[in-house]
Every structure is written in C-alpha cells, then in structure tokens.
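Structure first, then comments.
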Amino acid sequence: MEMTLAAPRVDYLNVRHTVASWLLTKDHKRIGIMYLVVVTIAFFVGGLFASLIRLELATPAGDLVSSDTYNKLFTMHGVAMVFFVLIPAVPAILGNFVLPLMLGAKDVAFPKINLLSWYVFVIGFLFTLYAMITGGVDTGWTFYTPYSSRASSTNVMMTGIGVFITGFSSILTGLNFMVTIHRMRAPGLTWFRLPLFVWAIYSTSLVQVLGTPVIAITVLALAVERGLGFGIFDPALGGDPVLFQHLFWFYSHPAVYIMILPPMGAISEVLACFSRKNIFGYSFVAFSSLAIAIFGFLVWAHHLFVAGISVYSALVFSFLTYAVAIPSAVKTFNWTATLYKGAIWLKAPMIWALAFLGLFLVGGLTGLFTAALGVDVHIHDTYFVVAHFHFIMVGGAIMGYFAGLHYWWPKMTGRMYSDIWAKVAAIIVFAGFNLTFGPQFILGYLGMPRRYHMYPEEFQVLNVLSSAGASILAVGYVLVAIYLIASLFNGEEAGDNPWHATGLEWTTQSPPLPHNFETQPVVTEGAYEYSKREIKVV
Amino acid sequence: MSHIAPKSMYYTIFGILMVMTALTVYAAFHHLGVFNFPVAIGIAITKATLVVLFFMHAKYSSRLTKLFVGMSFFFLAIMFALTLTDYMSRGLKTYPGGAGGAGYGVRSAAPAHEAAPAGEEHKEGEAAH
Amino acid sequence: MSDAAAITGDAHAHGHHPDLQHHFDTLEQQHEAATLGMWLFLVTEVLFFGGLFLAYMLYRVWYHEAWVAGSKELSIALGGFNTVVLIGSSLTMAMAVRSAQTGYRRATIGWLLGTMALGLTFLIVKVFEYKDKFDHHHVPGYDFHVDAAHAGIAGPMEIFFSLYFTMTGLHALHMIIGFGLMSVITWMAYKNRFSPQWYTPVEMSGLYWHFVDIVWIFLFPLLYLVDRTQ
Amino acid sequence: MAADVDRLYWFIVGVTAFFAILVCVLVVYFAVRYRTQDPLKVGSPITGSIPLELAWSVIPFLISVVIFAWAAQVFFDLSRPPDQTLEIYATGKRWMWKFQHLDGKAEINELHVPLGRPVKVTFTSEDVLHSLFFPSFRVKADAIPGRYSTVWFNATKTGEWHIFCAEYCGTRHSGMIGTVTVMEPAAYQAWLSGAGGGGTLASRGERLFSELACNTCHLGDGSGRGPSLFNKFGTQEQLANGSVVNVDESYVRESILTPQMKVVAGYQPVMPTFQGLLNEESVMALIEYVKSLQSSTGGTATTNATGAPAAAPAQEKR
C-alpha cells in the first residue's frame, strides 16, 4: 500500500479530465459520482416543491397557490423524491462507489450496463422534468386510476414514461450488483465476511429485480388505458380500479425497502466503525436484510385496508405486516447493543447515524399503528401516514444516506469536510425534522386528510409548527451542500483511512486508483475485526 | 465451456412441444367442465418447463441459475396467491347471515334488510322506546 | 479502461483472450456472470408479464362469458400456426447456439437466419390478425363494438381485447427487439467473432428468444383457447 | 366505536413509547458512557448473544400479535353494521357528497343523523375514487365507481362534525368536505318532517320502475319474462351459468346496468341495459324499491332482520 508521494498520485478523478472521459466512463466510481450529481439536483427540485407545500399550508386558506398548482406540487414532490432520490440515492451513489471496493473487485460485473443505467436514469429524469416544466402532473405519485387514466388533464403520460424508463435503470443496477456480489468477490471474501452494507445492497437488488418490472407493467397498463383508450382498470367497463392498486403496491411497498435497506447497511458500517467493534449479532443483521427483502413482498395490501379489499384479505396482510416488523426491530436492537462497551468516537458520520437511529425508531414504531386494522381505518390517508412514511424515508433513508455520504466522502473525494459544521448540520436536520413531522402525527389523528390544499382552521397551529420545522430542515440541508462543496476546494487531505476503519475500501488510496487496488486483495477475516487491530489499552 | 447436448435431444423436445400444442387445441374443443382451464395451463407449464430445461440449458446450469429461475416463479406465485386472498374472499360474508364489510362491499353479502321506508318513523319510535 | 491501466501500469489480465474484459479473471468467470445476469433479466421479464397475467386471471373468473366470446373472435388457425412457427424458431435458435458451441460458423449463421425468418413470419401473421381486429371493430378505445348478441357484455369484452392487445403487443415488441438482437449476432457470427471458447452473445440472445417463446406458449391457450365448446 | 379505536390507539401509543424511550435512552447512555477522543482505542470484542437475539425477536412478535388481534377485533366491529341501522345512501362526485335519506330528503355536503342510533351509509362514486371519512367516528372507506361501500357509526354526542374526502380526487379534493350534524332524536324527527323530500326513496324507485317499464317483465307472480322481485332482496339467486349470487345492493345495481352478466337461471338474457340512462341516485332509488318489496307486509316495515333470508321463498323455478 506504500505510495510514492513525489509525483501526484493517479486516481480515478485525475486520470482523465475531459467531459467525454466522464460521459463515456465505465468506472463504477465515476458513475457513482454522476449519480450523485443528478440525484442531488432531483433532491433540490423535490425539496423546492416541499418548501412550497409547507409554505402554502402555513395558512388554512388556499392563498399562496391555486388548488391545481398545489396538487401538482405534492405530486411532483412525491415523484421526484421517490423515483429520483430515495430509490437511487444509496444503491446507485454509494453502492456504485463502494460496492466493488468492498468486494475487492476492479469493477462491477457489467460496467457498460452500469453506464447504460445511468443514461437510462437521466433520460427518465429528463422526461419527468419535461413533464413538470410543461404543466406538471396532479395525480399524486400513486397514479391511482380512474383519476389518472380518465379524469386528470395533466402530463400523466409523460411522467409515466419517465417513471417507466427510470425503472429500467433500477432493474439494471440491481441485476448488475447481484451478479457482482455473486461472482466478483475477492479471494477469501466469503458471504459471512462481507460487510453488512453488501448484504443490504444484495437484498435491495433482489427487490429491484423482482419488484420493478411490476411497476413497469402497471404504468404501461395505465399508459395504454390513458393513451390508447384501452380499459384494463376502467370501472365503466367492469374493470377494477383496486387491481391497479394491488399491482402498484406490489412494487411500491417493496420499493420502501429499496429505499431503507441500503441506508440500514450504511448505518451498520458507520456504527461498527465509530464504536470500534463488531456489529452485535452480525448474522442476525445480515439475514434480517434478506428477510425484510423477501417478507417485503408479502405485505403490500396494507395500503388498501379501506380501498375496498375483502376483510379477510385485510386480516392476512395485517398479520404479515407485523411479521415484517420483526426483522426491523431485530436490526434496531442489534445496533443499540453494538454501542455497548464500544469505544465511541463521535465524529460527524456517527452523529448522523445516531440521528438516523432515533428517527427510524419513531418511523418504524408508528408503523405499528398503520398496520393495526382498526386504527388504520381512521388514520389511513391522513397526515399520520404522511408523518409515518416521512420518518422512514427522510428520517430513515435520507439520514442514513447522509451518514454514509459523510462516512465515504473522504474516500470519494480525498478531502475532509468540516467536522464541526457537519455535526451542527446533523443536529439542525434532526431538530427541524422532528418539528416538521412530529406535529403531523397529531394532525393525522385529529383527522386532517393528506393532499389537502385547504384545511379547517383548528388545524392551523400544528401546521404552522410543521412549516416552521420545514424551514429549519431546509437550512440544514443547504448547510450540508455548502460545507461538502467547500471541502472540495479547501478541505484537508483526508488520507487513505481517516476513520481508521476496517473494510477493503479503506485499504486503497483516497481517492481510489482507477482500478481500485494495486494488487488483488485477499481477505482473511470478518468485516469488523477492530479488536484484532492495534489495541491500545487506556 | 457449457454442456453440449446431442442434436437428437433438441429434435425430440421440439417434437414433444408440437404434440402438446396439438393436444391443447384438441382439449379446448372438448367440454371438460372446470378442467378446461387447468388442462390448458398444465400443458402450457409443461411446455415452458421443457423449453427452460432443455432449450435454455437450465438443466445443465449452475444451482444458482436454477435458484433464480425458481425464484421468479416463486414471487410470481406470491403475487397471484396474495392478490387472490382479496378477490376470492370478497364475496364472503363477515358473519353468517350478516353484512359485508364496511367499504368492502361489492361482491359481498347484503345486510339482512330490515327497514322499509314507510316504517321509518314507526321504527324511530321503537328505537327511542 | 485500458488507458487507465496503461497509466497505472497495472499488469492485469490483458493478453489472454481478446474478449476477456479487464475486470474478470477468466473467460469462465465472465461467462458465468453473463449467464447469471441474463437469467436475472429474464426473472424481471417473468414478473413484467406476470402483472398482465394476473389481471387476465382475475377478469377471466369474473367475466367468463365475455372471455369465451372474446376468445371466439380470435383465429385458432392463425394463432396455432404462429405457435408452431415460434416453437420452430426456438428449435432453430437452440441449434444455432449448439453450432456456436461446436464452432460451426456457417451452421450458426444458417440457423440464426432461420430463426429470424420464422420470427418475421410470426410478426407478419400478427399484422394480419391485428388488421382483422381493426376491420371488426375489436380494437378497444377505437370505435369498439361487439355484435348485438354480446351487447350486454360489451364492457368486459373490451377489457378482454385490451388485455389481448397489451399482451400480444408487448410480446410482439419483444419479438422485434429479439429480431434486432439476432441481426447483430448474425453479423458478429459472419465476422467470425465467436469460437467454442467464447460464444456468450449467441447463448444470451438464445435465452432471450426462448423466453419470448415461453410467453407465447402461455398466451396462445389463454387468449385463443378459453373455451370453444360453449 | 370511536372509543374502542381510541383505546386501542392509546394502547399502541403506550407500547411504542416504551420501546422508543428504552432504545433512545440506551443509545444516548452508551454514546456518552463509552465515548472516546482516541481514534486508536478499540471496543470490546462482543459479537452477539443468541438469548438476547431470541428475546428481542420473540417479545416484539408476541406484542405484535396482541396488537394485531385486538386491532382485527376492532376492525371487524367497524366492518359489521348492527341490525336496525338507520340507512342512508350517498354518492361522491367531484367535488361534493350527496346524501339521500330513505324518506326522500336529500342533502349536499351536509348530513343530519340522530344521536344514539347506529347509522349505516351505503355509497358509491360517480366519477373517480373518493373516500368518505368521518374523523369523529373514526371510520372511512373508499367510494369506488361501480361498487357500493358502507360505513357505519353510532354518534354519542350531539354537535357538528367534519366530513372529509380522504382519497385524492382532483382539483377541489380539499373542498369536498361537509358537516355531519348529530341531533337529539326528537330534534332529528322535527328536522326530518321539515320541508323537502318529494316522496320516499322507495316510492321514487317505484315510480321509476313503472316509467322505465320494468314492471312489464318483472311481474309480481314471476310469470313475466323476468323474475319476480318480491322477497328477493337478501336471498341467494341461482344463475344461468351455475353459480349462486347474493342478492344485495351490488347485485341489483349490476343487474340494472349490465343485465346480461349474471342472468338468473331459467330466464333469457333479454333485458336491455340501463347504463347511461340512470344516474346513481335513480339506481339507488330502484334498489330501495326492490328492497321494499319484502314479504307479506308489502312495503310496510318489517323489522325481522334475522329471519328475512331464511324465510324468503325458494328461488324462481320454471
């Protein structure tokens, strides 16, 4: 690993500088960075919509934008965030960057397909962006028929095409990672020596491969119904709109696990590193990822408890939903136990990870309410549900993504950001987040339905609190962007292993070589054998 | 690199597939009651299995490949089975002689109807004692 | 890729087989990865069509009469002919892969051309079938109507034809993509790119083609043969 | 019912708060207790504990099962209207709720109900999906075009409460709201006998029944081209294709709009469709009329709920 420091080191960033060398790259690390750019744009687009939504909801009357505009805002917020931020964030950015490094591989199994999936992703995003700019779409990100197929007069087709195309990116990425994990592991890197992030990515890929085609066909069926006048879900012909919801959620519920599993993996890495010890119950955490991925396919109709499915079916799905809660609980307890008797080094990634733990905990536990049939009848489609899934997806997935991003940022860029500012940002985001979405649980139980442009006046106090929280949240996110970008220009050299972490990605230089490793790494021990390293008794 | 199967195997499989195609058409013209559908789908599954095993060499592939093939049909079966829990039970009553579920109504049972409109006021009085 | 390798002076697996990509150690590993990837792609295809089959199943149970009536509007002769053609093309494809395995270039090209010819035949027949539906106003959303005897089940029959067109249309689209794939492979075979050591593209295209065949194996009885006795 | 939901709700609040606080306290305690500034210090090599893993898998599972069972019980109660409900029909259309009382009175975005009496609302949608949501009564269900859904509640407090549409339905989704007024039974009676109406719903159905010439085929004695509809509602009907169907609101609706789909055994599929000729209110009036054709009392009240299906005469035979 000794590098001659006399000449500037060659790394994946400075090996070529032309634009073409980026746009035609097959290097998984560069592709990861390119995803980072597009996803960040999508994040701020979605965030802009969210800000406008919260601004409008500061008053009960619809006085900032028209109802039609408001409906477009929450739809486009959902579409941008779900399909272009949450789903690709951790797998396509961090997964692309660190997965081959963690495996000791030179690249993913299919580098060309990897590049192709980035292009597919961008094309899908451009279609969606075009749909947003030329009038927007107002169906809600769920595209429920018959509103989407017969009633809405907005750009449903264009958005649907965008989502459809993006789905292929997700499929190709998942497929690529699965084959990579099966076939490209370094010598000695057995399944139970894999970092938990790899287990998480594998489980995610499984969901991407199995679930995404179903949303593709669902959107396609919607497209032929809307575009060609076919009738597959059309109640006027005797079709069943609930069937659309079944198909939609067969993908979109597991998609929640596409969003949350990889951040869970990143959290395992960060917690192990900054506790300086093994993950408590490695195999339980590893298998709980797989279990979540598989059980995740058995619970979709808990989105349909009041949608007109049979009571017996609701019973089955409610029970299965409680079953999928268990692996998540197991993970949380194991993470907590990991901290026990660790040597806890509270650097910025750890702060983000601990914030994740708190928020994900609330998100997961409030899932017990929505899965409970008798309660769900009341809270379904209210702000309770909005708060619940934001705790999972923003409190969980986005916090986990930021934890991972802060953890691997020095590896990706070779630069270190300001630790203090990063901690401040984590605390601001944590506080702002709780203030934004905490009151929404109460709003929901009081009965405020989601997707409401105007609301009765008695809900105003809680809505103002929520909007105030959102502005704090926005400050936090902008702060993150500022200090991370600043680190590129004036950040300290990070060094190859600033966190003194285990894992193959830290054995190569920062930023890594174009082909990752000088020599083929050979693995002889488990992923988190901190205790076998330099032991220093205090 | 891979197993090379004899030409005769491919021709045999093709022959079997042709026979089964003829069989499925033949079966469609005979009234088999509820069995028409299972027979048709059974023949189709057999044909598909033959193609997968021999034409697509799944028989000679790694266990992992076989696992993936099985996985796709496993999850497809989950999709069908769990969706059917809804569609197959929509017509059931929630309790004997009673009402269908709240909002789960379509093909479900009707409440035993009790109130004819003309009796409304009369009943109102009853309920209030 | 290779430029980067040159700069770092990283001495890795170049100089083996020309088709061995830099990030694999052996052709064997590369082939296995490709096979696995292709099968995973087919897994997604199974679930892709699966969604439509699910819709088909549910409506078939609900609207059996409409399904029977709709099915009778389809031509068993043409559908059956196409089934034979497509299974035949699967045979020629399997033989093409076998020829590539054993290194017979001319035979490979011949079988591939045969596969393409059969695929084209299928598509041409499909065009005539579609045209017939247009003539009989059986295209949903496009002046759809059914004869008076079925007026009461016109709605569900429209659903039947919606599914018919979506499923066979998607299948035909897969055929067209497969045809394009075959053209490329044939050209590669013509350029003598394959050898018994490396014929992965032929095999992968073969897997895809067989999958498209399997979809039709289900579509034929489900759409054309619902119940001919009623 | 609302009280039952709330009890369950607060139980889950208790359980989740316990675990949330437990984990948060442990995380914060560990993070403070074991913190270090020394990056080279390592933690204890603890890799796991099977008993602990089992404990925190099994205990949450058992708690989940308790919540599941309790919630399922509440759900079944919510799904199961009691006998002797006050029936109200409703239609959702963009962007209003239309309520139809059996005595003929109709309301838009307003609903008056008596205190202390179970009310059952049977509703559908004329266009896209809606969801009829009574937050104060803790019930909601989606309104689906072409199908009937029901919710029921028993108001325990007088006053005015919200009605919301909870399923996104387009531009004025947030304006598709209304007020349910819970009144003392006496006040309710007074309100009911006030102006408005125009005959009961069933009598409107009866009028339609003859205007549309339904009565030329559906003769009372069953000798017509269509089956008699007397004492039909709530029974089971043998269909021409061999299956059996429950004669409920949905089946009557289906028979009016797509009459050839489920033909009664022994009859020819000769009935014309009324799709496009009837609006949802008219269909509901017809259904109410068919419902009123009960037993020997012939249109007057029959409160014998339990006996009705069993006492119904045998199916039509030809």
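For the reader, a short list of remarks on this structure follows.
So that you can tell them apart, the chains are marked A, B, C and D in the order they are listed, and the count of residues begins at 1 in each.
One rule holds in what follows: a residue touches a chain if its C-beta (ideal position, glycine included) is under 8 Å from a C-beta of that chain, and two chains touch if they have at least 3 such contacts.
Note that the structure is predicted; figures quoted are calculated from it, not measured.
Innermost chain of the displayed assembly, by C-alpha centre distance to the whole-protein C-alpha centre, is A. At the far end from subunit C, in terms of centres built from Cα atoms, lies D. Across the assembly, the chain pair joined by the most C-beta contact pairs is A-D. Centre-to-centre spacing of subunit A and subunit C amounts to 34 Å, using the average Cα coordinate of each chain. We define each chain's centre as the mean of its Cα atoms; on that basis subunit A and subunit D are separated by 37 Å.
Centres computed as Cα averages put subunit C at a distance of 45 Å from subunit D.
The geometric centre of subunit B is 23 Å away from that of subunit C, both derived from CA atoms. Residue positions 64, 71-72, 75, 79, 83, 87, 94, 101-106, 108 of subunit B are each in touch with at least two other chains. For subunit C, residues that reach two or more other chains under the stated contact definition are 32, 36, 40, 43, 46-47, 50-51, 54, 58, 63, 155-156. Residues of subunit A found to touch two or more other chains are 182, 210, 214, 236, 238, 242-243, 246, 250, 306, 308, 311, 314, 377.
Of all the residues in subunit C, the ones that touch subunit B in their complex are 27-28, 31-32, 35-36, 39-40, 42-43, 46-47, 50-51, 54, 57-58, 60-61, 76, 80, 83-84, 87-88, 90-91, 93-95, 98, 101-102, 196-197, 203, 206-207, 210-211, 213-214, 217-218, 220-222, 225-230. Contact residues on subunit D toward subunit A in their complex (touch as defined above): 4-5, 8-9, 12, 15-16, 19-20, 23-24, 26-27, 30-31, 34-49, 52-53, 56-57, 60-61, 64-65, 67-68, 70-79, 94, 127-129, 131, 133, 135-136, 138-142, 144-147, 149, 162, 164-175, 177, 258, 261. Touching subunit C in their complex are the following residues of subunit B: 1-2, 4-5, 7, 10-11, 13-14, 17-18, 21, 24-25, 27-31, 36-37, 40-41, 43-44, 47-48, 51-52, 54-56, 61-62, 64-65, 68-69, 71-73, 75-76, 79-80, 83, 87. Here subunit A touches subunit B in the complex through residues 182, 210, 214, 242-243, 246, 250, 297-298, 300-301, 304, 306, 308-314, 316-317, 377, going by the rule given at the top. Only residues 10, 12, 15-16, 26-27, 105-111, 113, 171, 175-176, 178-179, 182-184, 209-214, 216-218, 220-221, 224-225, 228-232, 234, 236-240, 243, 246-247, 250, 513-515, 518 of subunit A touch subunit C when the two sit together in their complex.
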